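This is the structure, below, for whatever I ask next.
Chains: A, B, C and D, in written order; residue numbering restarts at 1 for each.
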């Protein structure tokens, strides 16, 4: 069992080696951890095995052979299947073990998986991350965790290898909620920035100069500096798909509705992402929301 | 007359020694410039005179005795009066001189002053700043200038003493427009951030943690880190008055209306600042807009 | 079995005798129909029995003894229980019979009940109504029906007794959808009207005169004339509870989201109903949304 | 001078015989009034002269020869020119006479004309109307008057010939304000109705049925029944130009801003009219705002 004195000697499992999972697992291996990997498409395990990782042929076997198992799946369905499905991690869990789900899932999914894991006597932590591919590679992710506090304390050294900061937020569901709130603000900020870029252009200013002015003042944000220049060129290379940003706004509005919190800015922003979706921009980067604010050619036919 | 080789040897006038003007003039003096000051309330000139500044008893005399004259007044009325009123700067202007108005004024005021200055044969530059008291003291302001390009080039060394960056935006009016666009985005961002703080609290998260999470990711902005902690405590010490933020949103919406640019986020944000004004928060900091989103006790009597 | 020539001679069941159901059943009885009633609280059947109605002790028995059975329940849970629960109507259904659910339920509930009824060989019609207590008493309801067309044709004479008009909208779910769209417009109209009443008052006009002016022009609506005078007095006697209007807006926004239809007005209106809910006005009439637009006393403590 | 006993025997002047003015003057003539007309383009006076009207060659002469003079001009500039310009009505005014301006003008224009008229010792009434061409022809206009109460009382019989109702609202400016509030609600209602039409269609309902359902319930409004059918066909024959509706929304928002009244619905609606303007629909009917909510083909090139 993991404890403070043997943190780094624990056996670590890693399930899911996609765009985010692979670099995260790699960072653990490079830091000297004893890592066992599994991925539905086995070929993705190759590079990690050559770096020193062990391999097991099912989530169940990984869980059975490790002290703590991390999971980074693409969506709620996969997260549930890998944890609770046939030969899933739950089957290999038990007292003294821990399961950390890094996947971004909804509240209900987190609670469902938590229930199954806890029933085996193991501990559970939801730990969705803020940050995408680049921060994952650079070990600069931000972990928004919730669940068993003792598991959080035990895995802290691993989280510190993969990320630059971590937050413990209490009971399961709070990690997902915090991520929704952050993404709600992000969605509104991007919509507001889009308004500014288009307004500056329409009144004869250079939107590139606006990007630079903004970058130097109190409202400077990395997101603006990163995406502003390509938005001016109407290029939206996908880092975070627009349909996911719209989904997060919808879920955040649902969360706000459930507690009667007024959020008129997010509501107005959500409408713009819906317009962008109706323009066929679902799979573009969420910065493509700026298209929803442009005058389109009119055809009533 | 100012030129590239004698930049720092020019005689510099400074009109208006308020909360912004005093530290700006002081930075010029400390950098070794030959500065002549004037202020409606003469007593405010004292500290600068003791630092080495000369004094003249009217804007006209300052202008007559200097190569370039800066003006930093509180509002459009004062800016017009100091420039065009009795014993105003215009009376002391002429060919070979320059007038730089740093005051934040509307488009029409900038053009009016520009017309009077140009009629004397002198050059004009509007140069509103992004940044408040602290950046003024630290020489970290951002200048958004427009007008005579040659005057811009001549005064660049002075701007670099008072600020950290400067932009030349073309014809008079563009400086004011750029500032409005930036403040429009700022107003929407603050409203969105307020929604996030309140929503996080209502669903049982610690808003202080939200401030910290936000500060580490792609949407991190100095404004959030600076004002977030006091907003959580419902404290709004005034750096930028709410009524001024609302006025800027109103003017930005007017600008957007004039070119038929859709700005639904700014429109929704403006409504919140109006609500905050109706709550009596006009003179609080603009971060007090968060109050507009809080549930109030209901009384239909 | 019902057919065109024996429409009025069919045996009619009526389940649910609440604020809407009782006057509807009464109108059928007064028109000479052969009506059998049931209600969970049996005492409510008394007045109708004395008017000539028969009584059966369960939905199953009513269905078994009637050609067509109407159900008017308070919420989806009750609608499901009365239809599909123990001794529910489904148990008494079969080929040649029809079930008409007048309850306002969501799409999924309508489809669930439809499935159970159809499995017995009987026909199904969803038929939510537009109109509240008074139109129910006056036989002035509007039926928004969907499901089996032949059942619609058969029950048309009964619908015409209880209502002033009826619409057949195609497949099950369309009745609920149409009602949501209508209520979405209604919610926005009430919010807009509230803005007008408050603005007129704040600029020194008499809001009662606004009510009268509006009542005579192109935007005149019965709802404005009915509720305007009491809104001016801050009285909101409940005809349609505010929480239900907010729920319908939420559901309509969800519907719009599912097809990426932009609805910024409804989104803004929904925020106001949320504010009104947070003020404790959930059970007041939905016209109490006007309170969300009033300046409240400010208290940051 | 006009008084209660000689109401109908007074000499009535009518300035401005456009789309609204001509039928209004005609109704006065047909009712037996002694009417003297003037129009900038004299040819428009012909039909009225053949109905019995007298003609004078300037506003001044009309005013000099009549007890009360009505003016119905197209815009504030024309209203000022006809009243206060060379050979304008003011030159013919004096004690015992009255001037009633029916033109829709802004607050400032109404007050300007009022000042000039009152300076001659004559009385003034602003009297903008609710209603367009058809109500003007049918004598079904609604007068929103403000100014001298005694003049209002004196001209009441004439207003009753041209309209179906009249309101006296107090001091000059209130007529214009009331009209703005009414048109603000109208603009929001039309935007909300547009959302409903498009949502109904997207979820597979027939928007024509929605128009009919709406027409029978609590939210039924003449405007919906009149314009709904053509909106479904994307036809927008101009009765009230979209650019005028957007201007009225802008002015109403300005009015609301001046008293810090929150109007989020009108603000959201205004954004849609701006979008419609950017689509080139300024001169279409204001019901063309529905186009702003339709998905447009996307082109980022």
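By our rule, a residue touches a chain if its C-beta (ideal position, glycine included) is under 8 Å from a C-beta of that chain, and two chains touch if they have at least 3 such contacts.
It should be emphasised that the depicted structure is a prediction, and the values quoted were computed from it without experimental measurement.
Taking the mean of C-alpha positions as each chain's centre, the chain lying farthest from the centre of chain B is C. One finds 39 Å separating the Cα centroids of chain A and chain B. Chain A and chain D have centres, each the mean of its CA atoms, that are 56 Å apart. The distance from the centre of chain A to the centre of chain C, each centre being the mean of the chain's C-alpha atoms, comes to 42 Å.
Shown for chain B are the residues that touch two or more other chains, namely 256, 260-264, 267-268, 271, 275, 278, 295.
A complete topology is adopted by the chain contact network, contact being made between every pair of chains.
Those residues of chain C that touch chain B in the shared complex are 234-236, 264, 268, 275, 278-281, 288, 291, 295-301. On chain C, the positions that touch chain A within their shared complex are 250, 253, 256-257, 260-264, 267-268, 270-271, 274-275, 277-278.
Residues 130-131, 142, 144, 164-165, 167, 169-170, 174, 177-178, 181-182, 184-186, 188-189, 191-193, 195-196, 198-200, 202-206, 209-210, 212-214, 216-223, 226, 252, 255-256, 258-269, 271-272, 293, 295 of chain A touch chain B in their complex.
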